[in-house]
Amino acid sequence: MIRLLQKNGWVLGLVALMVLLFVMTKVIQPNFGASGIGALSRAALPFAFATAGMAIVVIVGGIDLSVASMMAVAGVASAALMHALGNEGSLLVILAVLALGLAMGAINGALIVVTKVPDIVVTLAMLFVWEGVALLILSAPGGSAAPALRAIITGPVSVPFLPEAITAFIPKSLVVLVVCLAVVWVPLSHSKLGLWIYAVGSDPLAAFRSGVPIGLTRIVAYALCGLFAALGGLSLTLSTGIGEPIPGPYLMASVAAVVLGGVVLGGGVGGLLGPIIAVFILRILRMDLTLLSVDPNVSAIIEGTIMAVVVMFGGLVALRGRRA
Amino acid sequence: MTEAQADMPILDAVGISKSFGAVAALKDASLRVGRGEIVALMGANGAGKSTLVKILTGVLRRDGGEIRINGQARSVRNPRRARAAGLVPVYQEPSLIPDLDVRANLRLGDTPVEPFMARVKELGIEGLRLDDMIGALPLATLRILDLARALASEPDVLMLDEMTAALPADLVERVLKVVRAEAKAGRSVIYISHRFNEIAQICDRATVLRDGHTVGDLRIEPGVEDRIVELMLGQSLGEGLRVEPRAVARDGTPRVRVRGLRAGTKLGDVSFDLHRGEVLGVVALEGQGQDELFDVLAGFRKPDAGGFDLDGTPARFGHPADAIAAGLTYVPGDRSEGLLMARSVRENIALPLLARPRNWGAIRMKDEATRVKAAIEKLQIDTRAQGEVRKLSGGNQQKVTIGRWVATGVDTLLLFDPTRGIDVRTKRQIYGLVRELSDQGAAVLFYTSELDEVLQACDRAVVIFNGRVVDEIDTQTADHQLLLRAAYGLTEKDRLEAAS
Amino acid sequence: ADGFTIGISNTVQGNGWREQMVCSMKAQALVSGAVDGLNIAHRNTDAAGQLEDIRNLIQAGVDAIVVNPANPDALNDAIREATEAGIVVVAVDQSVSEESAFVVSNNQEEYAYLGASWLFEQIGEGSVVYMRGAAGASADDDRDAGFQRALAENPGITVVHEVFTGWQQDQGKQQILDFIATGIPFDGVWTSGIDNVIVDALVESDVPLVPVVGADNAGFVGQLASVDGLVGAAVSNPGSIGGAGMALAIQILQGDVPEDRMVLVDPALWTNATEEGQAQIAAAQNPDLDPEWPVSVSIDGWTTYSMEEIIACRGPGE
Amino acid sequence: MTASVTQTPILRRVGNFLRDNPVIPLIVLLLVLVAVLQYLRPGIVNERWIANTIKFAIPLAMIAACQTLTMLTGGIDLSAGIVATVASFVMATQVPLVGVGPAIAYAMIAAVLVGLLNGVGVAFFRVHPLIMTLGSGLIATGCLQVYQRLVIASGSSVPEFLTWLGTGRWGVVPNAMIVFLPFAALILWAQSRTGFGRLLYAVGSNERAARLSGVRAWQVYLALYVLSALIAGVAGLLYIGMIRTASLSLANALMLPSVAAAVVGGTSIFGGRGGYGGTIVGALILTVLGTLLTLLQMPEGARRVLFGAIILAVTAIYVRLTDQG
């Protein structure tokens, strides 16, 4: 019971923090409104996908250092494919890129299970491999995004019967994010497979004894991480209109958001909601630092300090929990 | 059902063998269980009981032998297959996932919820909610949940590995009742326990393992206990094993005086004295508070009430380092808890010498080598594989945990079940060593889960039952029967009263 | 005062060239007297991160945004959103394809072409080592186009070794040392700005000093003046292009909109092979400057701050 | 499990030998790589190349020492590269202001501050070292950026002796060996023959067992992370002597390779296993691998794929050979 409260407590605390930051934003910039929310959610999109993927592998007890590189592969692959196929091939491109992501993740997972080399080492090596693959696909930024697809994440939604005053505050990119996460995570977390992921992360031995196929579960978790990385890469291509072979800053950002979001490094604890909220918190923070025109160098210090302090606080809570 | 089918054992394991590296846990183990039968699987610590259960339930793969279910040879390759074949275990350690709630744990093994909850009630746990997190529940509850989960899946053969070890007496009664009822309803049960009274209450037969061999198969009837013990140990509980009893002078200030100690839910109120030059045994069933007692004395936890004096001065430890500084050294029963498995014998033995920052500098290698060599010789540690402790046999590993303190010099030794999984010869070496150390003036507190060790290694014993000291035993006059009764809280006084 | 607020967006942090660029923007804003405050988004990120920063600057309600784009095509949406909101957008260093933005750009293709042509003519016939920037970066791609154009015009030249330095000094140095060790002869080195370590490596290895082309970084320009026997050329790639962009932004805000939306600042080449070049190099020397900073701290006709003001690196309101 | 049963005795004996001498297969691998290089580019393996390779491997090996030591306790130090950068930058920019001696002292103080921050977070707040050192690295980067604005006008200078150390060579021996040889000897000696070194293994392989023996783990962690920062600081000074240009990102690029060097060298990321000997060879392997890939005429992408694949293959074989699985 106490644990349950504690777990939800963390997410609730994050939500409160996010609301506080929104209020602060409104105070700093009274004009902040629909377009600001749209900008925010579009900026959060690739971070949120990277974080979702990372959260799943951390829950299963691992870590994936290659997440940003896989995003780059998916980004350039989708840009190159869309360049070749244009608007008509959109659906095909999406399916192909998602399959590519699943395959990359599954390869990571299979290598971990088969070689018995620790996750962190395998994915470190794969970081270089996927980075190289991205460069082999496009040696310089290029390709293009199908306009039809770009429209998916641009602007607010239009819902019949709802006044525009309301729909203006619901950016399409947010809807896309929620739908993608929900389509994968909601069924998963209610399925046997979702349970397996938590069980393996929590206690592999007990999970094995309860009949969980450990190796398979790990591979699936990594494949899902690859899937989300592909979504992240796709969202990069759609928002920039091109594919960039150099991985962006998504690895460290996703690890930070996952930990801030209440997922314990080591596995078994946490969900996707906390990390996604943490992503938004970090993005709003970034925005507020810009709105306040804080010295850019100071803002790096602020971001680092907030990360360290929040995690230290989490460490304290965990320590007290352990003592009790 | 034809006559032949009724006779056919539901489970028949023949000639099972299993080695872990150099350790042969099982050599030639056989076990036969008939329908509706409750079979006790008996054997000394380390005889291979748990290993056999793990093989039968697909957690471990056997090296050799055959498993027949309903007369058909089956490979039980993993837990899922075992479950499908009707073999359902409750392991010695809780096997629920700590970070999931009860409901999720049930779903993991496809356990139906309604029957499970009914079982939980029947077994005496009130107020369990399906959204309780496993990690927040007490150990005894977890054992019951493990059992309820196993029962709810309607197994053909239920395997209970020291199911009752961590349970309070009332829950034990419930468990025994339920198990008996299950057998009546036609299920078979394999029951592992070190408690003879439980065996006598519910079991039909006992299969005895010794050093990985099945050495006997007996019907449970009055007076069979002695025979079982003889089979378990390979010799009768006779003179051969006994170290000569001795009288120890206990005068002056005690080295350790424990006063009204309370810690956690189990250790209620314990007081006793431990003198220099004596080996004081602690007699207790599983879970009577002995873990907490040792934890407090070793500096792992603080007492909730009461305390202890060292040489007449009150002491209080915040860290094991404090205990060590005060001369109290602790040897855990679980070797994996005390050893650096991947490091060498030498590093393990020398570890305490380096703990304090002032010893962080250069190691005097010659000096260290001499000390380590002396400890190795004294304990006769087999050093053929000393590069990594995990390659040593269990007994030799245990010697290393003790040897560590021999190298630093022993003042007061806290031995918690130090002979777990150790062969008979090694055990005797350890008794001899303990005796020798106490002769040199050390005070030794000795808890063992094997009652007869108390007679062989200790000068005196206190009996802890339900978190309290209920009796004190003079090992020169006591016998096995008396210890056994005492351990169950039936003290000498009670017996005399009953007799009169 | 009713001055302007101007936003700055930059995606590479911890690199002397970019630091100089930001300082020149600050200094220009300060000396213009027309700017109240700067709003600087300056961090290591990708094009998507820069989109975020530009949109945040739009939210902050700045009057103009000076941006060093991560990519010519990737930012178009955000730039259009900005100009539609009435914000003046000036891209510096690299151009952007969005028509509503103004561009003050270093001509990267020309940069490579100029240096490479000088090198190839200097050598006449022979082989060169081609040390590129970061694989996958668009500036590197542009420079490659210029290099290849020069190569095509000089059939006597072959590329004996092509490698990416990642614009990192240690990598560049190790790579050239490795190549020297192969014993394969080469007659010149073209570098994409990782230059002084290459000269160091040649000197340390006791091999004949071949002509080296680099950028106008303080360290390399110093070497051109002081290292015996070194023939080389520094191609200017001024970080002060940022100051020029700032000046243009202020000028537009003040109502003076230029006819051309695109200003290309063509690079200059200084070589110590000619007396004229030696004089330019001597004039450009500045031992106080951080060796990673380009020596061309100002751009004639655009920036109006003094050397002290850019080194002070202070913007309005600081 | 089944694999070990089916092994033939000879294989097992070889396996045992390698397990007891885990550096040997690594050295063999290194020699193989060098041979491949010599085959592809005949004549490259000469005195000068060997000296250069060692020269570049030294800073990497020193930063990798930070990883090795922290990994022995089951941690990692992702701030090491940044600390090296901070130390080198502070030193180079302070030299014109306060002179060489004080400048080096300031550099080391800056390094130690980051180490202390890491140590406190890991020892007392039990923050996962990965996160703690990541956060402290971010903070240090920010501080460095603020700092550089204060000193931009004073220029920078790399002391003569550091340049001599970083760039000179004596035959196949680079001058940096004067620092590295004693350093490596010290670490190799300390890891097995000092109390502190032994405690790193002890805490990493079983913290509870170490506690039981009277070890206060926080003391070990605190000292370890400060030591790691000191090593990184020294590596930074040596490195700037080699590159001769102060930069805000000088040694950051050594971060991932340093982790790779420790891992390739056989140190377990879970703690309690490995040692610095393997790491030194690992750093050499990575350096030679870098050369090999640089000199291979192939697309940059293919180089990186090969780099990652080789690291993974080496580690996988190594885990098999030494039976860590």
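Lettered A, B, C and D in written order, each chain numbered from 1.
In this text, a residue touches a chain if its C-beta (ideal position, glycine included) is under 8 Å from a C-beta of that chain, and two chains touch if they have at least 3 such contacts.
Fair warning: this is a prediction, and the values are worked out from it, not measured in the lab.
**Q** When A-D is set beside C-D, which has more C-beta pairs in contact?
**A** The greater number of contacts lies at A-D.
**Q** As a quick test, compute the distance in whole Å between the mean CA positions of subunit C and subunit D.
**A** Measuring from centre to centre gives 33 Å for this pair.
**Q** Quick one: report the Å distance separating subunit A from subunit C, using the average Cα coordinate of each chain.
**A** Inter-chain centre distance comes to 34 Å.
**Q** Could you grab the centroid distance between subunit B and subunit D? Build each centroid from C-alpha atoms only and quote it in angstrom.
**A** 45
**Q** Indicate the residues of subunit D shared as contacts by at least two other chains.
**A** 141, 145, 149, 300-301
**Q** On subunit C, where are the residues touching two or more other chains?
**A** Residues 13, 135-136.
**Q** Scan subunit A for residues touching two or more other chains and write them down.
**A** Each of 134-135, 139, 245, 295-297, 299-300 in subunit A touches at least two other chains.
**Q** Spell out all pairs of chains that touch, sorted by label.
**A** After working through each pair, the chains in contact turn out to be A-B, A-C, A-D, B-D, C-D.
**Q** Please give the residue numbers of subunit C that touch subunit A in the complex, ascending.
**A** That would be residues 13, 37-49, 51-53, 55-61, 70-71, 73-77, 81, 134-138, 140-141 of subunit C.
**Q** Quick one: in the complex, what on subunit D touches subunit A?
**A** 117, 121, 125-128, 130-132, 134-143, 145-146, 149, 256, 259-260, 263, 268-270, 299-309, 311-312, 315-316, 319, 324-325
**Q** List the residues on subunit B that touch subunit D in their complex, please.
**A** So the residues of subunit B in touch with subunit D come to 61, 63, 298, 300, 319-321, 323-325, 330, 332, 336-343, 347, 350-357, 359-363, 365, 387, 404.
**Q** What residues on subunit C touch subunit D, complex-wise?
**A** 13-16, 19, 23, 135-136, 161-164, 166, 168-171, 173-175, 177-184, 196-197, 200, 204-205, 219, 287-292, 308, 311-313
**Q** Okay, in this complex, where on subunit A does subunit C touch?
**A** That would be residues 29, 31-32, 35-36, 39, 42-43, 46, 134-135, 138-141, 154, 236, 239-242, 244-249, 283, 286-287, 290-291, 293, 295-297, 299-300 of subunit A.
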